[in-house]
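Quick one: this structure, given as structure tokens, is what I'll be asking you about.
Chain naming follows the written order as A, B, C, D, E and F, and within any one chain the residues start at number 1.
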Amino acid sequence: MKTWFHQWGSAPYFYGRASRWIPWLSLLALGTIAYGLVGGLVLAPVDYQQGQGYRIIFVHVPSAWMSMFIYTSMAFAAAIALIWRMKIAEVYISAAAPIGASFTFLALLTGSLWGKPMWGTYWVWDARLTSELILLFLYLGVIGLYSAIEDKRSAARAASVLALVGVVNIPIIHYSVEWWHTLHQGATITKFDKPSMDTAMLWPLLSMALGFTFYFGALVLVRMRVGLLQRERYSRWVSDMLNSGGSAS
Amino acid sequence: MSLAEFFAMGGHAFYVWTSFGAVAAVMIINLIVPVVSHKKLLSELRRQASRKEGSTK
Amino acid sequence: MRKAFFALLGRDFTLAIRRPGEIVDAWMFFILIVCLFPLGTNPDDGLLTAFAPAIIWIAALLSTLLSLDRIFKSDFLDGSLEQLLLSPQPVAILVFAKVLVHWVSSGLLLILISPLMAIFLGLPTEAIPVLMLSLLLGTPVLSLVGAIAVALTVGLRGAGLLLPLLLLPLYTPVLIFGSHAVQAAATGMSAVGPLYLLGAILLLAVTLAPLAIAASLRISVE
Amino acid sequence: MRKAFFALLGRDFTLAIRRPGEIVDAWMFFILIVCLFPLGTNPDDGLLTAFAPAIIWIAALLSTLLSLDRIFKSDFLDGSLEQLLLSPQPVAILVFAKVLVHWVSSGLLLILISPLMAIFLGLPTEAIPVLMLSLLLGTPVLSLVGAIAVALTVGLRGAGLLLPLLLLPLYTPVLIFGSHAVQAAATGMSAVGPLYLLGAILLLAVTLAPLAIAASLRISVE
Amino acid sequence: MTSQFGLRADELACRRDDRLLFDALGFHAEKGQMLEICGKNGSGKTTLLRLLCGLRQPDEGQIFWRGQNILDDPENYRQTLCYVGHLSGLKADLSPYDNLCAESQLFGVSQDAVEPALQSLGLGREIDIPCHRLSAGQLQRASLARLLVRGADLWILDEPCASLDRDAQLNVQTILENHALAGGTVVFTTHQPIEFKRADVRQLWLSKSPGDAVDA
Amino acid sequence: MTSQFGLRADELACRRDDRLLFDALGFHAEKGQMLEICGKNGSGKTTLLRLLCGLRQPDEGQIFWRGQNILDDPENYRQTLCYVGHLSGLKADLSPYDNLCAESQLFGVSQDAVEPALQSLGLGREIDIPCHRLSAGQLQRASLARLLVRGADLWILDEPCASLDRDAQLNVQTILENHALAGGTVVFTTHQPIEFKRADVRQLWLSKSPGDAVDA
């Protein structure tokens, strides 16, 4: 366990290993997303309440899940970065934040595009919608802070502090918004609360979610390699790698 | 289901296809940008490395 | 350590008193935001009263936000922050003194004039004690959490506006609980729930924020 | 003189573009204030829509106010302002270039996203063109008048908050006419009257403000 | 009138708060001359230089440039003046080169002189680096480069050699001397022990030191 | 180990952006010694001093004080350290006296030393004037006075003589020498030609000048 931690903490090891993982993850992502798309857009039956409009679910829900999953993972990385000063964890945060932000944006966009036909409006101040919007601001804050600080070493540490403070706040936001919405009125917007979903819908949905996760995994490794190379451009291992003919790129 | 029907999405074409299109676009751009910048960075570093070697020799 | 804490507290209070303008301005800003609303709308239709808790809380939040720069900016520019970080005391404690001064010279003063604003906006008098209590519990959180964001951005030239972005998500719960406590009281319901929650957030902020601030300052000065 | 004007314009635009963060942040601030209101109230009871014109205008006003510091503060601190005043060109013209850059990088951008904010707050779509037009006429006034106040206070250490105090009375007419135009449009009435008045104020500000700014700067630098 | 071609001050007086810094101060600096303002810390050198630039008004007295009161035609006076003070006057986000190009346009002079000017002050690759990344001395060099860009006749310099290393100090010294020899006028302060050999340097002592100040 | 009582740096390396400022830099400064960091503008003197204070982390290498890594017990290290840099560290609204009193409490030392310290740096009535009304040199004097208040063993000074008039420069020179003779350690930079006669001064040259920097 400890040696594993150590190995993955070393930049050259990570840089080399990641390049081997990326093709596999991409392939997995491609397969699962392809199945999800076919299953969702073509094979899955029409929802008798919502018509064809419900098909947005196949991108909306995976995006929403990813947005939350990525932020949590960033907070873990932030703790590791601050406590053990682990370089890889710092790089992870700056690599993952833009991906997380774009998934959050997609969840908001697809959600409101779904809301117009379903609820008749693009936007309501529902609890879940509001907290997703705030999550977007949290992401933008991390990205903004990271890009505003020029010394990238300090920038990564500052972004870690912010990500960590943000994650402490997330349950509080969740709770406050939830509570705030239900104080005055019952739920006006009924999403389909666990309707026993047709497996013809469920499998493609899960497959899409899995595909998005693989996609994220591949993408974050690509971005981390860039970030690592940028930060370590002067170190011995980079020049060795360049001299030895460039190895895997 | 005909192809036309498929594209019409039961009258919700705009919403459905904008959603899928936006997701696809964002995901593809997200992938292209770092791959390109990786290539650029590597070639820049190579150029610098060779320049430095050239000057020391 | 106690002595250092009080020395810094004393120095910063003296500084605050040397510039009464700044304190009065935070006050004025609060008052003026509250007054903008009647100007921007048609004040006769009773809507204003329903909006009053939100307006007062948002005004408190914005005037805190605008005065946050005071906490570390001038110290950074004149080098006192370096000297502070070079002092042998635990920085978290010292930082707590600075935040305390900020709160007294902004939050506490807002609380004192909030009843006036409440009357101005037509809030029922029964809601005023709850308003004051909610501000008493909430404004220290605004100062503490705000100080983290300021500490993170103090070294950046022209980052004045990054601050609101960092702070909005962090301030949301305080705003929601605070204004809903007042709203509940104004409509005759119990405000205990949100007030307890505000108290819990305050406790969390008091214990954790100073550490985060100290860590952030070290990063910024580098 | 033309050349100096454009040189300064170019330099300041370059500076603005060098820090895209600042521009984006002014945007964010506008968005954030707009979002605070739904968070502070119960968003379902139609209050929000009734208040939407006031909220958007107040958000525009506050975000202009917060970004005003940019106009002269950094120039004062790094000595460029001295050099500007020592230049043989008429200072009023140069100052106009600086205000123009400020407006483009704050007001103009606000106008571009204001429709989104209108949708967030549930403003009827018919009112959106009037909203944009009123902002187009009003925000330059905010920048011009704001610059006078900034020029007067730029030499004062810790005058960050004196600014709102000086400005809010001056901004009041713009706020009133602006939000009333939008309100009229939202309720199906004619918005022409307040828009004309906004136009008249803009004309006045464009002709007189640069002179006042130049005079104020000379006083501040002494 | 002797000062037809130079700077002349008559009966200047200046107070700061309750203290009289100087009083009935008169001097002149001709074409081709260098005038060093000397005095202890706090004797009012910086204040005097700002008066000469017209950035501050004296409490009493007048200042003449080429026989004309500087308040009569300030635009023209500013055209012939270049002031370098404690503040760099350079935007931290722009490079020295961009800064001086913008400034040259502001003053209506050609941009061609910018690059040679920066180089002759010993800046190399720093020419294109944002100013906030420069060290104290590099920034001072960039700030001084404006002297060579502006083509002004009257140079007013407050501690031009501050933060400069010894080579740069000698370099600046030469630049000042050359300007005087070419018919310019230089008014400056310095705490560095500089000796000008080639140019005609006169000293003006502001005797009021913090200790023997006239309390009011 | 030789550096049991002084400051020692091992294999320090520091980059700023893409430039290597120094690399494999090692030196030591014993009890009673003065170490002058020399170098051209932009050679990294200020940066090095900030590393020594622990305000910045080196990219490589360690710093030891009395045989112990300064990261091991930072509180204790800071107790024995006094840094005076380009920034005064004085609040502009408070007088030098009030400023240093507050600072002395922050560092847990007696306030009695404050007034004599300010006086021995040649400040008279300025002791009780808000700092924003001081001239450049007066402010620097007030800032240096903290050296005498803190009672620290290790002094780290970045251009201590900047803006000072000649008398004050000599005065500061004496103060530094006395500290070294009394068993303290002084690390400093300066562009003024100072000659220390009584104390043991060694020089460390940071050779990397802006010109021959290692471009990446």
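One rule holds for everything that comes next: contacts are C-beta pairs under 8 Å (C-beta built on N, C-alpha and C of every residue); 3 or more make two chains touch, one makes a residue touch a chain.
It should be emphasised that the depicted structure is a prediction, and the values quoted were computed from it without experimental measurement.
Asker: Could you tell me the least number of steps, going only between chains that touch, from chain A to chain D?
Answerer: 1
Asker: If I list every residue number at the interface of chain E and chain F, are over half of them used by both copies, so same, or under half, so different?
Answerer: Same: most residue numbers at the chain E-chain F interface appear in both copies.
Asker: By mean C-alpha coordinates, which chain is most distant from chain D?
Answerer: Between chain D and every other chain, the largest centroid distance is to F.
Asker: Would you identify the chain whose Cα-based centre sits farthest away from the centre of chain A?
Answerer: Measuring from the centre of chain A, the most distant chain centre belongs to E.
Asker: I'd like the Å distance between the centres of chain A and chain B, where a centre is the mean of that chain's Cα atoms.
Answerer: About 17 Å, centre to centre.
Asker: Centre to centre, by mean C-alpha position, how many angstrom separate chain B and chain E?
Answerer: 55
Asker: Just the number, please: Cα centre separation of chain B and chain C in whole Å.
Answerer: Between these chains, centre-to-centre, one finds 43 Å.
Asker: How big is the gap, in whole Å, between where the Cα atoms of chain A centre and where those of chain C centre?
Answerer: 32
Asker: Pull out every residue in chain E that's touching 2 or more other chains.
Answerer: Chain E, residues with two or more chain partners: 86, 92-93.
Asker: Quick check: what residues of chain C touch more than one other chain, meaning two or more?
Answerer: Residues 19, 74, 157, 159, 162, 165, 168, 172, 176, 222.
Asker: Residues of chain B touching 2+ other chains?
Answerer: Touching at least two other chains: none.
Asker: Where on chain D is chain A touching in the complex?
Answerer: Result: residues 21, 24-25, 28, 32, 35, 38-39, 42-44, 48, 119-120, 122 of chain D touch chain A.
Asker: Over in the complex, which chain A residues touch chain C? Could you list them?
Answerer: 82, 134-135, 137-138, 140-141, 144-145, 148-149, 151, 154, 157-158, 161-162, 164-166, 168-169, 172-173, 175-177, 179-180, 183
Asker: Mind listing the chain C positions that touch chain A in their complex?
Answerer: 145, 148-149, 152-153, 155-156, 159, 162, 165-166, 168-170, 172-173, 176-177, 180, 184, 197, 201, 204, 208, 212, 215-216, 219-220, 222
Asker: Give every residue of chain A touching chain D within the complex, in rising order.
Answerer: It comes out as residues 121-125, 130, 133, 137, 140, 144, 147-148, 180, 183-185, 188.
Asker: Which residues, counting only chain D, touch chain C once they are in their complex?
Answerer: Residue list for chain D touching chain C: 19, 21-22, 25-26, 28-29, 32-33, 35-37, 39-42, 45, 47, 50-51, 53-55, 57-58, 61-62, 66-67, 69-70, 74, 157-162, 164-165, 168, 172, 175-176, 179, 183.
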